[in-house]
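Before I ask anything, here is the structure I am working with.
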Amino acid sequence: MKRAQISLFAASVATASMLLAACGGSSESSETAAAPAAPSEAAAPSEAAAPSEAAVPGEPIVIGLPIAQSGPAGIADHKDCWNGAILAQEEINANGGVNGRSIELDVTDIDILTPEGITAGFQKLTGDGVSALVSPFVIIPPAAMEVAGPYGAPYLSGDTNIDAQNIRSGDPAKYGNYFVDPPETYYGSGFVTFLSQLQESGKWTPKNNKVDIIRGDTAYNQNIAQATIDAIKASGGAWELGEVIDITAGTKDWSPVLQKLAANDAGAIMVDHWIGAELASFSQQFAAAPVDGSLVYLQYGPSQPEYLEIAGDSAEGFVWGTVIGTGNTSAEDKAFRAAYQAKFGVDDKSMGLVYPAWCYDMVNVLANAWATTDPADFAAVNAFIAANPINGVTGFLDFTNGVTPLYPTEIDDPTKGVTHYFYQVQGGRHTVIAPDNDAEAAFVPPAWMK
Amino acid sequence: MSKQPLIGRRSWRPSWPVNTEKVFKRRRYLGTKRSVLRLSGSYNPKTLRRELVLTDKKPTFWLIGLLLMLVLPIAVSNERFFALFGIICIYAAINVMWTLIIGTAGLQSFATLATVGVGAYGAAYLSITYGVPWPLMLIIGLFLGALMGFLISLPARRLDGLYYALLTLGLSEFCRNFVTQSDQLGGKFNGALFGVDRIVPSDLMTSWLGQVLLYISAFALLLVALAVFRWVNGGRLGLLLRASATNREDEAFSSAIGINFQRARTWVFMIASAALGAIGAFYAAYIGGTSLQVFSLDLLLLMLAMIVIGGLGRAEGAVIGTIIVVGITQWFTEWGPWRIVLVGVLALLSVLYTRNGIFGLKAQLKEIRQRRQALHRAGLTSRYAEFLPQQAPDIHDKAMIVGRTFERKLRDRLRGWITPVIIEEHRRKPLGQHSDHLERILNYFRQGPIPDKYAVYCEEPFTSYRVVALSGVPGVPPRVVDDKVYPSLDEAYHAVFLRRVNDLRSS
Amino acid sequence: MDVVFSALLLASMYGLVAIGISFTWASIGMLNLAQGFIFTAGGYTAFLFAEIASTYGLEGVALSVGLIVAGMLGSAVAGLAVGAVAFLPLQDRDNFRTRSLIATLAISLIGTQVWLIFFGPQNKPLPPIFGTGRTEIAGSGIGNGQLGAIVVAVLMLGAVILWMRSSRAGLQMRAMMMNPLGAAVVGVSVRTTGMRVLAISGALTGLASVLLAQTFFVSPTSGVQPLTVGLIISLAGGLGSIPGTVAAAGLLGLAEALTARYLQQSLVPFVLFGIVVLILIFRPRGLGGLLEDVRE
Amino acid sequence: MPLLTCSDITLDLGGRRILEGVSLEVGQAEVVGLAGPNGAGKTSLFEVLSGRQLNHGGDVTFDGVSVRKLTMRERVELGLVRSYQRPIVPAGLTVGETLKAARKAFKPHPSRLRLEWAAEFVRLRAQMDQATGSLETLERRKLMLAALLVRDPKIVLLDEPASGLTGSEIDEIDLVVRKLAQEFGISVLLIEHRLELLAMVASRVLVLDVGAIIAEGPPETVFTLPAVRQAYFDVPILDAISLGISDE
Amino acid sequence: MAILELAGVSAGYGPVRVLHDVNLSVNPGERLGLVGLNGHGKTTLLSAIVGLTGWQDGSIIFEGRQIGGRRTHGMGRTTPNIVRQGIALAPQGDAIFPGLTVRENLDSGAYTRATWRSRRSRCDHVLDVFAPLRPLLRQTAGTLSGGERRMVSVGRALMADARLYLVDEPSLGLAPKISLGLVAALCEINIGDGAMIIAEQNLPLLNGRVDRVLGMHAGELKQDVGEALGDIPPAAEAMAQGMHHGRAL
């Protein structure tokens, strides 16, 4: 099938280029005009690429993975996702597959920054006739949904994007196959809840109730900042908004920011920025000249393996959180971590904590559904996934509304939603400190808070 | 097709015999003097039969190529193919307009994608916020593009090429930062705007008809872009700008003949920018949104690679380059980073080994062939004929070389015969029977061309004669060559002879 | 005082990157857009050196010097490689400027992907060169890393400028900047000098890379920002003018530090762009761009 | 009334005084020669008169109005055209396209017949579809002249039209210049080093040295003036050379 | 033994062949004049000697070493090596360094390691010949007049410790009086047992000042100068007299 597509494209390009090349001058012989016959012959096989044909019993079930490998953004997270999916696939295949059929991953590069790049990547997979799509975040989710929706196969995505989820709920008939993790706005409300809980627990006594927010320039970070501000307002005076400091991606010198932070002297500081390396740089510079007594929360970035590696000792004591992370308390979590670390030669410090688990879970969600449904019957699979939650390493995956609910912000029962984990770097590794039932250790005030 | 007789080294042209009874009627494009597909009637000098000759194959190839581009995706009817060729059409349209700016206007502007982006974001924002329908979006994009073009063209007069290029590069970065940080435009999807009114209604979108309509709209965009290119580049503006191309000498010439090339450049820039703005709006309506990436350096580099691979400054180069690069990056996604490497290598190869991309190759090969011929010919001419060696490669007519070679040999021989004895013989008796050598010399002189031929002018019969040189142009009187007055006709004859001998010697 | 340190740090880093671009442009007429690639090459070489050094337990001053030298060497070699591809084969072809520009673009396009393939997308840290402590100067603290970077950068810049002014090789490079044909006629080989220029500007870029890696780390795309900033600085300074470039680096560094401190960090790009536009309005050839006038 | 006058032109370039109080007049249908050693400021004077150099002192009047502030192109539209010392023609065009560009440069566009007339007038011996790059010096100069004449100018400033040409080629230029003035009433101001050409065509010759006019008169007498001979012909002592001033 | 020996040298630029099988030998101590009209290959001949042509063929032997040969690659690539062997060229058009001072310009002529040390004394020597340059030493070369630039250009060539000096068109674009002075100065310089070739369009300028004059016509060397100069451009004296004729014969 792939070969057919390559030859199809090559033939058409060759024809077109020959013809247009001939436009360049007039004295070339006119024999090239005979070429147009070629592409129509080559075109025939690609029509066989209808999705229904992929589901011949006994053949492998194909999961499509659009993984960014060449662009300027998101490659590290996407690689993590790929690894997680490979782990799940190998485990399932080692256990005899799904109904005797093995699972296969169809991986393609995707340019997550342009709509046409996203379209091309997804169309490559739908064109290959995959039975499901598992995708880490793409920057522009609607472009992906535009292709995946009409295709109909289950599309499990790591997009924490409230607006994409609004689009889904606006047209469930078209986007009913879109299953996502909780939106980014929960980072905001979850953070404020976390602060309150921490204060109540007595582990931390804030020096004042001000919260400074360092806001990154993506819509993602702006949404989080807005949600945080709303949550602070809703806290009824328990917390108070300090200053919102805007930064751009690519910030290398944090000293102006640090100077502002020192001047404000807020009780809690939220660094609402997503690039791990830049957060590591922040940690280094902050640790060298800290604001005494302030709790510092970094957003999801430290989950990337490079954070600890770069920040080194400076990372000690920083708090961060994610809505789809890996815990380390339950048996499944530990087993997953051990398997992943064994397979990819990493350890607790250098393991990604978000996407490996999420994509691992998603492959398992699919395998679970395919155990009782026909992979070719997309509607049935979608219905099954929505109706049958399973327990994964990120938490309880309940896609009743297409979106997994979040504990503890949305629901109170940890067994009914995925967990919003909070970690603190303790002893050089990420240690879960909240929510309480998953916590490995309690919050420990870092050096500058003692 | 009739049997093609080969005459001389005339380049081969396709021709068809026509009905000799009927008068050949030349079909022209409406409102122009161009004949359709450059078909013209002519006589075959060998068979003396009338033929219909395709004098220029370029329009035909354009026609076939574009037809193929239109039909191919529809014939294949693959969702991915539609999307691929649709985006190729849009990128090609952008590149064609960029070619207009870089090639025709000679402005090294990198703000192309910024203009596209401004058109796209402006139109998309208005469409999302106020529900502007897509035809209106195109007009809005047109105006935004023109405005942008006007603003960008302002510093072009003041700044040197490279400074201008870098400044426009900075402008893209500026736009990117602006959109990123703007709450309105930065929007919901990390800088991307979505939910724009689309060209094809969304319920039709998934059907075959919708796909075809969408593709045809993109193809029409490319056609319009090519038409604008043709209209500007081939029209008066293009001519004036080619006359004042880029170097200072050309600019000096064009200001000497009164060309306001600055204004012409601004005009071309404005036209192309307006078109780019409209393309941006079209892109937003085509995709249903737009993303920040239009302002990024990465995409700009890819676009540059496209026009470099195809051949800078040509519309067909822009189109083919786009097909190749977009084809590689959007179709072979499973190759991962290697496909970007491939694009880079292609760009590198085209810059290292071709003179001007794929479309420069033909001219390049031709030049290599010509150089070899010219060296050979120069070897011949330097020995026998009278040329400045620089001229040799420009002479294509072999007969001329042979003729000149003969002339040169003849003159060498005659020069050898001119001795004081001969001159004395002529002085004594300018007219009448002469020795063989003198007779031959005189015959040679008589055969000379009329312009600048010496003649005797009789001021006053029998007493006053002067030597004049004929102008060679009817109605233009001869000019007097010197002040000398000769008392007798014979002396005047001899003076003419001496002048000719002198000229022969110095030739 | 904090602002002054910020400004100095930015200015010295900007100066190192921009001077490489400016220098290459002035002497061989090539706008080197592969500067980002050269930048990352230095970073990765230093990173590899650090990896190897850690296995041998190299520490202290030896490690610091080794890192700087490795970074400069790596970038110099990358500069030579760029020269071998984009300068030597194109040097006497027509349209050299456009051609080399496109060739360097292609190199940077390829380079990023090659790093990605071989080193992965993760950022790589370098061990601290000047230690992690802080020094108190005039009542405000500055990290040793930053202080060391400023000192080394300024020293190196000064040395290069002095060398250009006074030595025979400097005269030869300046002569080539003015008139390549004239230089050939007096016996200056455009090709060797050109490669030398590329190596030197590469080494300066590599130095900037190692120094910046203290806070900015090495990644496949980490060269993009230095490239754009370097281009903007050399533009404002007047392409080819070394004093102009230094002045522009100082001015823009100060502007950035002031904007980030007293306004918002996010306004920095706008302020920088605005300043460059203003400079170009009043001096179309940048702060010191006299050279372009006399070249031709 | 003279067609073109300039009064008290001063020009400084790069800190050097290039022209110092130059005044001249060119009448209707008159051919005026401009001679002088290199560096005397002849070409600089042309730059001023044609409007390419606007930073100068003094005034330029053309056809009764001051054109002091007009650019070169605007002066071309009024009928004041100039040629260059180097035989420059657009590199990327054919002969026909060059002439067409001249025809279409600004409105109103002269007819195509006018173009043919101009090519015929200068006796341009080149195919219309020939690339300008393959032309020889003489044909280039003629093409330049033809392009200028398409516009029916009132005065033509010719900068060394004979440089780089051989004797018989100079004759052709000579003919064109004379016909311009005598048959079409177009004034000509002519810089020339070939004094024999000046002597043949010019009714009046101005001699420029070190940025100032040192002599004026009919060609038969002006070159015999001692001041001219001293500036122009006498073999110098080397130390005197330093007075030479660039006219580039 | 001849200091320079050309045998069968052809050269040109791109598709154009300008020199055709030129044979020439220059003896030590000789001052050679090369006359011919524009475009007939004088400059190309000098350029070919230092390898500044687009391509060339044939043998050029300088002091027993082959410096020519068959070359098709880029222009000027071998020039620096040839120049360092002891050939100094003052090219047509002023290839000076406009942004450097006059002194730096002259210094750059003494580029080779050996001459660099003695550049001060060499500079004094050149300034003795071109005295008008002395007060201008600190001035930027770009601001000089045409005559002064030419002096800098020729002076720079004289700075080198060369065995063969090539001077291309010293009179081009200069007023007669300046060019005469320049050529006279050139011809008074002591070249020892080296040699000098002066290419010049204006034959009378060279008359009596050089040891030997060769003509150049259509890319070929002519022993007979008159043949090379179909139209000898008038020298200063001839110009004054020639005014009364239709054209200078």
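Chains here go by letter, A, B, C, D and E, matching the order in which they are written, and residues are numbered from 1 within each.
The criterion applied here is as follows: a contact is a pair of C-beta atoms (placed from the backbone, for glycine too) under 8 Å apart; a residue touches a chain by one contact, two chains touch by 3 or more.
As the structure is a computational prediction, the values presented were derived from the model and not from experiment.
**Q** Starting at chain C, what is the smallest number of hops through touching chains needed to reach chain D?
**A** 2
**Q** Averaging each chain's C-alpha atoms to get its centre, pick out the one most distant from chain B.
**A** A
**Q** Just grab the chain with the largest centre-to-centre distance to chain D, centres being mean Cα coordinates.
**A** A
**Q** Let me have the rounded angstrom distance from the C-alpha centre of chain D over to the C-alpha centre of chain E, please.
**A** Roughly 31 Å, centre to centre.
**Q** Measure off the straight-line distance from the CA centroid of chain A to the CA centroid of chain E, and report it in whole Å.
**A** Each chain reduced to its C-alpha mean, chain A and chain E end up 73 Å apart.
**Q** In angstrom, rounded to a whole number, how far apart do the mean CA points of chain A and chain D lie?
**A** Measuring from centre to centre gives 74 Å for this pair.
**Q** How many Å are there between the centre of chain A and the centre of chain B, using C-alpha atoms for each centre?
**A** That pair's centroid distance is 51 Å.
**Q** Scan chain D for residues touching two or more other chains and write them down.
**A** As it turns out, chain D has residues touching two or more other chains at 168, 171.
**Q** For chain C, give me the residues that contact two or more of the other chains.
**A** Within chain C, the residues that touch at least two other chains are 113, 116, 224, 266, 269.
**Q** Going by the touch rule set out above, which residues of chain B reach two or more other chains?
**A** 177, 181, 337, 340, 388, 479
**Q** What does chain A use to touch chain C in their complex?
**A** Interface residues on chain A, with respect to chain C: 69-70, 72, 75-76, 79, 217, 245-248, 250-253, 255-257, 259-260, 276-277, 280-281, 284-285, 288-289, 304-306, 309-310, 312.
**Q** Can you list the residues on chain D that touch chain B in the complex?
**A** Within the complex, chain D contacts chain B at residues 50, 52, 72-73, 76-77, 81-84, 86, 88-93, 97-98, 100-102, 104-106, 123, 134, 136, 144, 147-148, 150-151, 168, 171, 175.
**Q** Where on chain E does chain C make contact in their complex?
**A** It is residues 50, 52, 73-77, 79-81, 83-84, 89, 91, 95-100, 104, 107-109, 111-113, 116, 140, 142, 156, 160 of chain E that touch chain C.
**Q** Considering only the defined contacts, which chain B positions touch chain A in the complex?
**A** Checking each residue of chain B against chain A gives 11-12, 14, 55-58, 61-62, 64-65, 68-69, 72, 75-81, 83-84, 87, 177, 180-181, 183, 186-192, 194-195, 205-206, 287-293, 296, 298-299, 311, 314, 316-317, 319-320, 323-324, 327, 329-337, 339-340, 358-359, 362-363.
**Q** If you look only at chain B, which of its residues touch chain D in the complex?
**A** Of all residues in chain B, those touching chain D are 236, 239-240, 242-245, 247, 249-250, 252-260, 388, 391, 394, 452, 471, 473, 479.
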